[in-house]
Every structure is written in structure tokens, then in C-alpha cells.
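Chain naming follows the written order as A, B, C and D, and within any one chain the residues start at number 1.
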Amino acid sequence: MIHEECGVFGIWQRESGPVANDVYAGLFALQHRGQEAAGIAVSRRGVFRHHKDVGLVDEVFSEGALDRLGEGNIAVGHVRYSTSGSPGRANAQPIVVRHRKGNMALCHNGNLINSAELREALEMEGCIFHTTSDTEVIAFLITRARLKCGSIEEALEKTMNRIEGAYSLILMSPSKLLAARDPRGFRPLCMGETKEGGTVFASETCALDAVGARFVRDLDPGEIVIADRDGIRSIRSHCGTAPRALCVFEYIYFARPDSVIDGASVHRARIRAGRFLAQRHPVSADVVIGVPDSGLDAAIGFSAESGIPYDIGLVKNKYIGRTFIAPTQTQRERMVRLKLNPVRHVLAGRRVVLVDDSIVRGTTLAALIRLVREAGAAEVHVRISAPPFLHPCYYGTDIDSEDKLIAVRHTVEETAGLIGADSLGYLPVEDAIKLPLRQEKYDPDQCGLCTACFDGTYPTAIPEQGSKNRFEQPIAE
Amino acid sequence: MIHEECGVFGIWQRESGPVANDVYAGLFALQHRGQEAAGIAVSRRGVFRHHKDVGLVDEVFSEGALDRLGEGNIAVGHVRYSTSGSPGRANAQPIVVRHRKGNMALCHNGNLINSAELREALEMEGCIFHTTSDTEVIAFLITRARLKCGSIEEALEKTMNRIEGAYSLILMSPSKLLAARDPRGFRPLCMGETKEGGTVFASETCALDAVGARFVRDLDPGEIVIADRDGIRSIRSHCGTAPRALCVFEYIYFARPDSVIDGASVHRARIRAGRFLAQRHPVSADVVIGVPDSGLDAAIGFSAESGIPYDIGLVKNKYIGRTFIAPTQTQRERMVRLKLNPVRHVLAGRRVVLVDDSIVRGTTLAALIRLVREAGAAEVHVRISAPPFLHPCYYGTDIDSEDKLIAVRHTVEETAGLIGADSLGYLPVEDAIKLPLRQEKYDPDQCGLCTACFDGTYPTAIPEQGSKNRFEQPIAE
Amino acid sequence: MIHEECGVFGIWQRESGPVANDVYAGLFALQHRGQEAAGIAVSRRGVFRHHKDVGLVDEVFSEGALDRLGEGNIAVGHVRYSTSGSPGRANAQPIVVRHRKGNMALCHNGNLINSAELREALEMEGCIFHTTSDTEVIAFLITRARLKCGSIEEALEKTMNRIEGAYSLILMSPSKLLAARDPRGFRPLCMGETKEGGTVFASETCALDAVGARFVRDLDPGEIVIADRDGIRSIRSHCGTAPRALCVFEYIYFARPDSVIDGASVHRARIRAGRFLAQRHPVSADVVIGVPDSGLDAAIGFSAESGIPYDIGLVKNKYIGRTFIAPTQTQRERMVRLKLNPVRHVLAGRRVVLVDDSIVRGTTLAALIRLVREAGAAEVHVRISAPPFLHPCYYGTDIDSEDKLIAVRHTVEETAGLIGADSLGYLPVEDAIKLPLRQEKYDPDQCGLCTACFDGTYPTAIPEQGSKNRFEQPIAE
Amino acid sequence: MIHEECGVFGIWQRESGPVANDVYAGLFALQHRGQEAAGIAVSRRGVFRHHKDVGLVDEVFSEGALDRLGEGNIAVGHVRYSTSGSPGRANAQPIVVRHRKGNMALCHNGNLINSAELREALEMEGCIFHTTSDTEVIAFLITRARLKCGSIEEALEKTMNRIEGAYSLILMSPSKLLAARDPRGFRPLCMGETKEGGTVFASETCALDAVGARFVRDLDPGEIVIADRDGIRSIRSHCGTAPRALCVFEYIYFARPDSVIDGASVHRARIRAGRFLAQRHPVSADVVIGVPDSGLDAAIGFSAESGIPYDIGLVKNKYIGRTFIAPTQTQRERMVRLKLNPVRHVLAGRRVVLVDDSIVRGTTLAALIRLVREAGAAEVHVRISAPPFLHPCYYGTDIDSEDKLIAVRHTVEETAGLIGADSLGYLPVEDAIKLPLRQEKYDPDQCGLCTACFDGTYPTAIPEQGSKNRFEQPIAE
């Protein structure tokens, strides 16, 4: 499974109030983007309080922990899945910086490609890093820029001219809330307005819904937006222009289906993926089923386009959680069974179209196909709502190493045989870039997508091999 | 929401092995039947070890806790939702009895209707109860019967002649595993066989699947089955005959859709509910959506019967758990929002059929309908895959008090108005009893269902008002 | 080390108030009598609340736990060291009985000698035991006696006629507080009066001091005292007379030195033990030191009688607690070092008298003598403020099995050689019975002591070998 | 009560082994120097692992936590009582620095007087501080010095030329263990040798005893000692000379009586304090008692000099711990009672000399004197084994603010009246400096003591008022 990366959320309002509760709700809606750690920082008249730890949002934040954060008029929060930096409490965000030139809390979604070089230079100037995350590099750059700048937004501009790669940032100073998106817009970031007139920034629109905020607009690539007592200001001039390159996998898997990213519904994109699959890889079958939860939308699209009835053929145990005891090697088949159980009545004697969102190594899908056949399926035709993974991602996605990706080593036919499918069809890359159906006001020429993991066309220079983990030297906690 | 009651699981095998792991897997598959407490007891050469506590199965059983249970050749387990007895650790099951006449571990799903009388008599004979549950009454009756009986199965027979109501029991003695179902078969109980030839009893077939066991058959109402070194024996003669009365709500809501109960697929029963609804309450609309998760099957059935397209209109946050912070009264609307978020693109401008499994007070459904309308739905037609709740249940289901049931106090039209629906249709009781489509070998005359909560026709005498909680005197822990 | 047994505490007052806080303070003062588990039960207008768990008093009772107990006008509490019954939460006290004939909370210090017979009879009458402790036997006897009695005090009288052995009991009914002491007075039990006129019962007077209560008197052997709205009543006629036999080891080691038991100061008794030792086993030496903490009083007495200066030669690390990591076999010497470190300056070149309270196996004392010699002591003369242990105790003291007692297998001279002492002297039994110096009003003929562990003269019949643990059948939790 | 500050411990040995266990034992012996937090860092072939948290040593280090640290050949550890820096996990030590120029773990006992100035300068050069402790200032200075130095010892030399105040440091690099003491030797630091030939540094000799190490010598003021594969080297030339000024309160209260500091036994120093008191403030009395634990040694000295018998008049509850529930204002008297209970038999009708180590506000002592009188004491003569506190300490001791020190506001006679004593005598400053009785090899002219808190003679310049807490800005965790 390709893992999600991170989610960010921030709120500014004129009057002090329980803003931590809003961030809690927003992070809860963004939980799918990171389940490893969570954190919230609150500013109350410039005084910061924060709490962060490893765990899910509702594990990290007991009612007492939220109460201790207290009221305030600005707050930011983060859910983390580690793409760089080892896991653990030290790498949880927000990163809170206390400094004579002004305190700051920083939340970051994405991956820099030049963080190794920047970090080396900073250490040689006498900086001591406490984490292994890119985010601390950004924190040092902003803090050191502030020594020479008049304002935090100037310091942020200068920093954006030095960092390269994918980032959506939300920053809190004692009096301001700032959001910034990298010049290619790799990761989503949107802005909303609460019923009370406050300003909200979030990774996805589902987090705006969670706090009852109205969607205002997406941030433009390379844009900084500042919310403070003087209102909302935008800065766009500082870091040049670059072709937009939103990660297409946000539509295919990462984002929640109820979110709308850069003007396009995620659910509709997935329905379209299913329709494209039905057009490109038609098959004669009796029933279409999806692998819960992320294959369901595309399965409905495939059914609608093909006319083959949709049904529920696999039931997911909704109590599967992180604490479930890891099975021994011989119990792995049971693990799949515990998570997904076939509905015999739907599958027995049927020719089944099974829709899933992606194939990484193929082992889980193979086990699933065995289950479906044991339940009596006559044929199993697999349709994948993404192109095959062939290349590494440097922008914050945890794609497996190339030598383990089944599509790198095997043809489609070989793969079908390995996983035990009667047929196998992937979504072509040319269809993938058509998944988001944008509202009219969006200029299609400005709406490029990053498909590097499928076709190797990277929007930026790429770092030397192995650099992603070069700071992972062993100082264990 | 009507709450599930309890789930039971037991395993016997010839050789000693990690039977606790099997019970763990079985209970995990039955988790939907009770989330309040869990427990497992293991017999190793007649020596019992057990562990139980409040919490979900994977919270109660860390890897260390499972290891400490050790190996054995018999084990039983239980997941609990309290229908009688206050919550808390003391009421968790299995109840382990240590006694000179033989040790015993007891798991129970159901509710007795004469437990108050039995308990009073036992106390006046000098018994001291440590819990408030019906199960301890059964434990005392069996133990005292054993003082005069040759065997535990005889003691169980005698006990079944004294207790009245709904029960599916699994018992472990140092050398035997026993299962018993009440004479009306209110609660499901089935038998399976593991690949190694062991015997498994479970509340639902999905738990057999979880341990890779083959379904053998359902227990008959009033039957006792014993598994030990001499093989499998059945006792049927001891407690007379009574019309079968399986709880119909097992098909509508309680059981998992991938289970098969008394010969009928639960998923198919729900698909049929949707089809019946489309026949009885047709409507002109653009899309059919279900309330996740329990309304989805019926929504697909409604779509198939009506021809109106099925789609995903509400996305459920899968991280919603028990530790989520309870919202204040003013935040309750946000709570619904956090759990379920509409997919605007699916609903905007559409005439929507919204399928749910039941209405209790109507407040949650009303909030949901507001969300759907806010997302732009032109019309909202609600279809409920159960008849209206009108009467209390004495057999282990936690239906709200009558004065809070919306259907008791309001007509269908009034209810539609109160929840804000353009139309509302319930499943008629005459269709409800047709939901299970049994395999041919089942004699339909023998397959009655209990529909007392809908029509007030109770299969047994009913206890005096208020007796359910008469032992809930205040000795807090 | 001989372990303490248990401590009991109870309070009754006219008005409702924070009585749980008083029990907490009382139990904290009695903590030395049992460190394994603690519990408190409170009655508020007849409604019981209780909390108990394994751990020290301040571990079991967080501020929240005390608050949840709430206010009341009667409360009882217990600290436990297991002398019969396996450890664990189930055996913690008070035992709270909920029964149609009246609720009850029971605390017990001591050991019955006929509990096995009583338990067998009760089980054969259909009782189910949940613990392995004597206390539950008493609870069943009282409860069953109440079925035929008018009052709880009558039921207690009847029960005292059936149980044999050592017990100091404190009971709470919804409206009464009762205390009772066995006919021989093996274990201490005293009564006090709070500043507000309430009645307190406790194992030792130091617990009266802890709540600022005035000492009133010790309970007489065989006496029941009842405190309720009608005042204080005493019952003495029910269980015959027997020679008094207070455990002499209460003076030597168990009780706190600041307590006064049956009219005699514990501290003074220990000072006298030191003086007797100096008379019986004089030696030419330079300094007298005691093994902290229980050898210090006797060392001061030895110094005062002999004229040899007293000094502090061993410093105890006061942070030694139960969670300290158990050392491996090779680290055991380090463990003694971590607990007790010699003061080189006091010992180097000196002839040392080392006073300790008892020798069980001799291994710890041998390690200690090695430490003292390493610190430069020229000679080490050991004086023990108790006679040698030669016989098992059936009255609630955890004396090691006979085959491990060093004094059973070796002469005094052999023992001195084994532990590495230059000389060794025990307190003679004829001096031990003179340790308590009672106030004049106590009739010496009525003040016998139990010295069975030293001389084998048991005040009661003794149970068959092994019966102490015959209920420790393996039903692990 | 004046609080202890911190304890440091380090070990180097040639071969890899369970060095974390040695540090654990050493820290456990130093626990009296800091109960707020504890930490250990281990180097295994240059790879660092560390663990630290708030809590006592045996709370922070479960057996699993020690195991996870693994084996190694160098390790350092720290127990903390916060004298600067807010409490909490972030300020726990060792501070582990990961840097391109070499990793480092740092432990620090003491207080700098110029840390505010140093920190300001570092922040203006772009440093970001994560804690509020002086130790991080030292960590930055060493790290930045290393950018220009060949070795860590050179960097340490340069750093010692910039920092002013009290410090005993232990540092670990991947291959070296270093210890350093400030030029005045405010805080103790000694060196020992393990049986296997390893090198140990510790705050006190009792920690050497705990690991079975032989005492080698104290570090000289201003000295750096380095242990590595090339043996042991000393650097003394780098930071000039200054009169030695060991904190006299180490002898009076901080250190353990079984420790030997700069050649003088702590126990003997306290015995001498008692003897001086008997000479300076003689009194006619019947018994001498000490306030446990720190008044006991001086009480024995007073008894020996005066001929008045020593006895145990106050019994300390040894289960008093940090989790004991804080009493409400009205319960404070009970709190003293729970901690210390008088032995009535020793005190009743007697003229009592009560010896304690110091008076801060006088409230606890007043409560204690009330207890002693309630127990029947005829007279209470208080003798204090320290001079009166009159001035603040800037070197790491937590003396209360001047306006709360009873001796600042009241004469000795007034104080006696306020606390309820019949007479009161302090140790004169001229006697205090004679407490340590050094071995002959120590040159008395080189053995000055810091007595600034008694006489205001500060060995260094002192910081501006209030600077101690100037970094305690509110960024709560």
C-alpha cells in the first residue's frame, strides 16, 4: 500500500475562543493523511501552548490535553506519516521555535529535494538539529532569515527561494497565520472562511467541512497568504513561476473522496477512473466489486459504464486498527481474512470484476484473489484505477523501492499470472491526467499533474540516490 | 442506534496448541456484537487461565496477554455489550467458576426473562452474587445442579429447564466444550470444523471464516452439543419444543453481511429489504445512497429493483472510535459532520433516495438530512429497511424506552416532517419475515422469526415492567 | 525477611463527610503491614462505593479515585500482604457483599486454621468462591447466618463461634461499623475517637495518630464493638474465653515503633530487646550500629545498656521501592550495596556490634557483613533482637519453610560461621515475653504472648500440613 | 526544605558491556540529588542510544527501557532537580547533540551566572534553543567551538573560558568520556576505577560504591579529565586559577552521609556539626532526638558531646513519596503527622533537644514542635546544624526568596518564639567552615568553602536580579 503523507490545518480568528477544538476536528478529518503522530499549537495573546505525540488524533488528544491547550485566536495542527525522518515523538509537528526575534509554530506537508545540502550548510554554521525532518531545516532558514528581515512573511519569502521540492506550509507567529504552497503545487492546500469570519487553511476541503467552514479557494502554486488583524493578504511575486504539477495520486488514492482539490471532485475523479477502465479493458462478467474502501468509487464507475451490476463482495472488519497483533508469517493469510471477508452469496459461481486502486508488490492482492476464488468465483478480472508504479517519488510519497515494485519486473500478463487473476488491466497514464474534471474557471493549461511515479517525468531536478535517508544516523531515543 | 448484544466463541481440539489465538481471531470477527468488554479462558490439561477486561478485543489482548494465556486444547471467549448488568470489569465474561465439583468457564449471549426470580431464590439460599448479569445466575444454577448430577451436561440440561428467555451459551469444563441454544433459538449459534479436525462454536459464521473453519451447521433451538475426546454428541430431549423465533433484527442490522444465519445470507436479506422497499415505496429520483455502513446493502437492492443509479453520497470517517471526545450539546451537529460528510458532487441538484436501517429517536437522521440538503440535494426520500420500532425487547436488544421511540408517538407523515424528509417509507412487517431466503433443506414452517419489537407479538411470557434493571443497586466499584 | 500481614481501618461518624480521606490517611500509616494491595469502601446513606487494586496506598488511590468514592458517614479500608490466597486484584479487600439481606464490606487481618474445612462445606452447599482468601469464607458465613438472624452483630457472633485462628475484623453495614478480635487476641486492634466525636478502629495506634484521633482502648480478645447512631456497644459473651496470645513479633518487627499495643510501647519493647541482648551477650567493642530501619531501636538499647557508643554505620537508600529492577544472580551483592552502603569512617578499624531484628535464611545478613568488613571493620559481632525461628506460623505470618530456616539446621556457632560473624547472640525466649512493659492497669496474667514460631507452643490446634495453600489451584487471571 | 540540585555519572571501559546497568545503579545512588527527571545515554561503537523522562530513576527505567539502550563501552547519566529551566521532559538530561562534526551527550550539575548573556548572543547568531536550561547553552558553545577545533577536549577548554559559575560536567563523544569541574569547584566530582579497569566519574563517592568501583581521587577545580583508548589524561592549564569554593551545604545537607567529598567524610562533618552545637549552645535536657533523616547524624554528635542520651523520638513513614496526594490547606498539619509521628514514650515529660539541618520558612518545624509538645514534651530546645539562611544562591541551590526566609526577617529569639521552641541555636559560620575534617594530604589553604548563602560573600560576580528565570517565557508543552 502506498502511504499517505501528512495533513496540515490552521485557523485565525479575531476573538479568542476554543480554536484547539477546531484544529482537532480538522485534523480528525485529515487523519487519513497521516496516522503516526499528531500535534496542535495555540497562540493566546502571543503566548504559545502546544501538545504533540505519536498516535492517532483521538489518542494524542484526550479531553484534558485539549483543555490544557486553552483558548486562543490562532492555532495550527498537523498529522504525520513519516516520509523523511525516523518515526517517534521528536519528529512530530508542529515544530515550535522559541526565539528572541519572535516565536513560531510550523506545520509542513511534503518533501524537499535539497534538504541534505541545506542541512549540511546550516550545521557548518553551528546549528544543532534535534530531528531528522525537512521541517526543521525550514524552521532554521526562516529563523535565520528573520535576523535580517522586518517580518515573518519576508523571512518566508526568502526561505521559499532556497528550498526546492514539494511543500504546503502553515505557520503561526504570535499575531499572524501564514500558509504557503510550493511553486509547482505538488500538495493541495485550500482556504476557507468560518461562520464567524475567521480564516482556515487546510490540506483538503473535507477539513473545512469538519469545522463548518465555507470553501473560499485553493492556494495558487508559489503563493503565500497571510491572515492577521489587517485582513488577508497574498504574496505571489517572490519565487518565480513553474508549471503546475499536483500529485495525480491525490485523486487516485490519497485524498478523501468527499474533498475537492484544485477545482475537481475526488469522488468524481475516481468514478471516471472506473469508467475509463471499463472503456479500455472491457470484460464479460456478472458482478463488479471494489476492494474496500479505496476501490469502491472506481468499481461503481466501472459498473455504470459497463452495465455489469455493482455489489458488495468483500466485507471489511471496521475494528481493524493499529494495535492489532502482527501475525506471524504463517498467519498472514488469516490477517487478510480478518480484515476482508468475502460474501459467498455474491461471488459463488460468478464472473467477478475486482477493482482496486493500485498494485505495489502484489502479495496482498494475490491473497485476496485466493479468498474470492475460495468463495466460489468462476473468474476474477482485476482492474486497477492507476497506472503501474515504475519510478520512485521524491515529493513525499512512500512508494516502495523499485526492485520490489511488481510492475518494474513483470509484464501485465506475468503480473496477472502471479496474482492469480484471469485478466488484469491498469489505467493508462493518458487517462490518469484526465481524471480531475475541473470547473470551467480553471485554465486546463495551468493544471498539469505530476505523474513521475508512472512515467518518470520529474517536474524538478532529482536528488542523488539514497539522499532521502542520509540523516537517519543512529541516535535512537 | 439499536445496540448489538454479545458474541460467543469456543474451540475444542485434540492436541494442545495456541487456541487463544483462534478465539482472539474469532472474537475480532464478532467485535460488532459487543464493544464494551472482551475475555478469553483457556484450559490446558484441565488447568484454566483467563483474562478479561473492558475494551475492544485488540485493546484487552496485547500480545503479552495472549502469551500469558498459554497453549491449551479448549478455549472460550466473549465480547460484551451490556444489556443487563452495569458496565465494568466485574461483568465481563467468560465467568470462571472454581468449585470442588469441577471448574467451568461460561459465555452467554442473550437475556433471561426470569432471572430476577431465580436470583432472589438463590440469594435466599445463601448465594452471594458478584455481578449484576444474568450469566452469574446461570453459573450458580449449573454449579448447584452439579452437586446432584453426574455430569456437566446433565447439570446444563437441568438448568435449561429452569431458565426462560434468549440465550446462546458456550461452556468449557476441564475436558469438554459445550454449546447450547434456547428452545426458541432467539440468538444465532453455529458449529464449524477446523482444518485440523477441531470443533468450533460461534455466534456467526464470519467467525468461522476468521479461523479458516468449515461451516458444519447451525445448532437447533433447544439443542446442547458436546465436544470432547469421545467426539461430538447432541442432546435435544431435555427442554421440550417451542416455535422457532430467531430475532429478525439479526438480518436487518446486528449480524455481519458476510454471515449466514440459520441457512440464509445476511447480505442477501438486506439486498431483499432494499428491493421490497423499492416495490412498496417507489419514488422518482436521480440517485440512491445508503447511510454507511449498515444502509449500503439495502441501498444497492433499492437501486437494482428501481433502476435508479447507486452512488456514494456520504463518506464515513473510518477513524471514528470510542475515544473520540464527546461533543457538547452545541457541537452535536459537528459530531455528525465529523462522522459522515456528504459528497457534494453526487448530491447537488439531485433527487436523492437515502436508505438507512432503522429510526430510533430520529435526531441523528434529521441532522444527516440537513447535511444532505446543505450539499445541494433537491429532494430527500428516506427509505428504512426495517419496520418502525413500537415495543420493547426482552431478549437482549437495547431498544430505547417506548416514550422516546419516534414511531410510537408519530405517524409516518409526522415523522417525515420531523426529520425533514420529502417522503418516508418503512419496510412492512410482512416483508421483514420474508427477508431470509433459506436454502431448500430448511422447512419454512420451522423457521419463525421474532418480530416483537415491531408488532408486540412476544414468543414468551414477558417480565414485569422495570425488572431488567432491578439489580442495578448502587455498589459502585 | 518475615513479611507483615495486613492492616485494617474503619471510621463511623454521625454526619456525612470526606471519610475516605481519613481511611486513606489511616491506611497510609498502616502501609508497613501490607504493600501488595489496598482498598477502601464508603457508605453514604447506605449506598456503598468502593475501590481496590494491587499497589501501595498512594498508587491505588489517585486524587480522582478518592473523589469518586465521595462523601459518607462510614468507611473501611485494608492494606494487604498475602498470607493465604494468591496475590492479585481479586484478593484485595474490602470484600464487598451485595445481598438481599443487607450489604456489607469486610476487612480482615489474620489467618484462620479451619478455613479449608469451612470452605469445603460451603462449596458442597452450593457456594461459589471468587477468591482464595479466608476472608471470603467469613463473608459467606456472616451472609448465611444473616438469613436466620435479626442483626449483623448476631450473625457476626455466630460466625465467630465457627471460625478458629487469628483475626481482627472490621465490618461495615449500611448503618453500622463493627470491629471484632479473635478470642486469643493474636492480632492487635484498637479504638479511638476523632475530634468530631466519631469512632475509629485500627490495627495500630499510629493510624489513630494519622487522623488526629485520641486513643480510647484496645479491643479485648473475643470482643465485638459496634458503632452506630445509638452509640457504642460491646459484646463479649458469645465465644467463650481463651488465654490471650498476642503475636510477640508485633513488638519485635511488625508494628511501627510509634505504636502502643495492648498497653505497651513498641519502641520501648525494642529498646528493651537491645538491653536484654547487652546483658545476655556482652562483648568488648568500639561502636554499636543497627541495620536500618528495624534494627535501630534495639541498637540504641544495646548501646545504652553496654555503654558502647551508638553510631550510624549503614546508610539506606530511601528510594528503594518495589519497582526497582530485580537483579540477576550475579548482581545480588550489588543489590544489597544499592540498598545499604557502609559509612567507612564509622567502621574502619573498629570492633562493631551489628544489631538486626531477625535471621531467616541468613543470606542477606552474610552479604551485609561482607560489606561491613570491606569497609574496614576489625570485628563484627551480630546481635539479633528475636529468638531463632524454628517453627511455622499458622496465624498470618509469612515465615519461610522450615527447611530453609538457618536456625533449624545449624547451631548458633555454625550460623555465626556461615554468615561470617565473629560472634552471634539471639534474644532468649524468656526475655522475648518480657519485652512489652505494660501500664499498671494491665493484669500480667492476662497478657500472654504467642511465641509459637520460636518454641513450638501453639495456642490452638494446628491444621494439617500443607492446608495453607490447598485452595491455590491454578485458575490464573 | 532546600532542594538538592543534580547528579551526574559516567563510565568508560575498553570492552562493550551492560554499561547502562552501571549508570542505572550510579544514578540510583545519586537519586537524592534530583528526583524530577533521569536519563542515560550509551555509546556502542560510536552509535548513541538514549532514554530520558520525568520521574525517579526506577520509574524512568523499566527493565525494557534499560534493555533497549543495549550494550556499549561508554555511558553517561543524569538525575535532575530543576534549578534553572522549567520542569518537564524537554529539560531532562543528558542533552544529546547530533552534528556533522561529531555527536555528543552532555550532563551538567550546577548553575551558570552568565548564561543569559551567552544565550542572547547565540540566538542572535541564529541558534534555536529547545530547552530553557543552562546545559543547552554549553552544548551550543562546545558544538560551535568544535567547528574550529581539532578535538572535543579543545572545544571544552574554549567553552570553559566563556562560561562562569558552578558546573560539574560529564561528556561523552563517540570514543571518549570527559569530566570537568569549574575553577572554584562549587560542586563535587570524583573519579573511580571499576574492578575491570574502567573509569567512572560521579557527583559523589556513594555512586562509586554502588557499582563496586574504587575511589581514585576528586577532580581538581578547573580540571578536565579524559578517558579513552589511550588511557586517562588531565588538562589543567586552560582556565586560570581561582580560590576553591566548595558549597558547604553539600556537607550539611545535600550529599549522602556515606559519601566522602574532597577528602572529608560527610557523616563525620555532620557529627562534628552536632558536637559544635553542643559546645556553642549547651542546654540541660533529658533526651536528644533528630529530625529524620538529615538531622540524625548531628543529633548523635550532640548527644556524644553533651552526654545527654540519644533516642528515636520521631518515626518517619517510609512510604511517603511524590505521588502522595497534596493536602488542602487545612490538612497540612495532618501531612506533617503522616510523614513524622512522635514516639510518645520517648518524649512524654522529657526536656527534649531537637536537632534539624536547617530552617527555611519555619512552618514545617513549627508544626513538628507542636506534635512533639502534644506528645508530652516538657521543653523543646531546637538546634540547627547550619547557620541561618540570609542570602540567595546563584550556584544551583534552590533557596527560597529572601523575603520568605525566616532568618532574614527575625532575630534568633523571635524565630524561637515563632516556631514555639524553648530555645534555638544555629551553627555559627566559623564552625561551618570547620565541618569537613580532611585527610592530611589536603592543603587547608586550598580548601575554601562557599558560604555565600550564610554570609553573602560570593566567590564570583553575581548576575542581575531576576535573571535566573528570564528564559522562562511561556511556550508550554
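Here is the rule we use: contacts are C-beta pairs under 8 Å (C-beta built on N, C-alpha and C of every residue); 3 or more make two chains touch, one makes a residue touch a chain.
For clarity, every value in this text was computed on a predicted model and none was experimentally measured.
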For this session: Touching both chain C and chain D: give me those chains, sorted by label.
Result: none
Exercise. With chain centres set to the mean of the C-alpha atoms, which chain is at the far end from chain C?
Worked result: A
For this session: Just give me the whole-number Å value for how far the CA centre of chain A lies from that of chain B.
Result: 37
Exercise. Where the centres are mean C-alpha positions, what is the separation of chain B from chain D, in Å?
Worked result: 62
Seminar exercise, completed: Rounded to the nearest Å, the gap separating the Cα centres of chain A and chain D is 50
Problem set entry | Arrangement of touching chains [line / ring / star / complete / other] | ring
Seminar exercise, completed: Listing every touching pair of chains gives A-B, A-D, B-C, C-D
Exercise. What residues of chain A sit close enough to touch chain D in their complex?
Worked result: 47-51, 68, 96-101, 103, 120, 123-130, 139-140, 143-144, 147, 473-477
Exercise. Taking the complex as given, what residues does chain B use to touch chain A?
Worked result: 21, 24-25, 28-29, 31-32, 35, 56-59, 61-63, 66, 206, 209-212, 256-258, 260, 265, 267-268, 271, 293, 296-297, 300, 304, 309-312, 315, 317-319, 321, 323-325, 331, 333-334, 337-338, 341-346
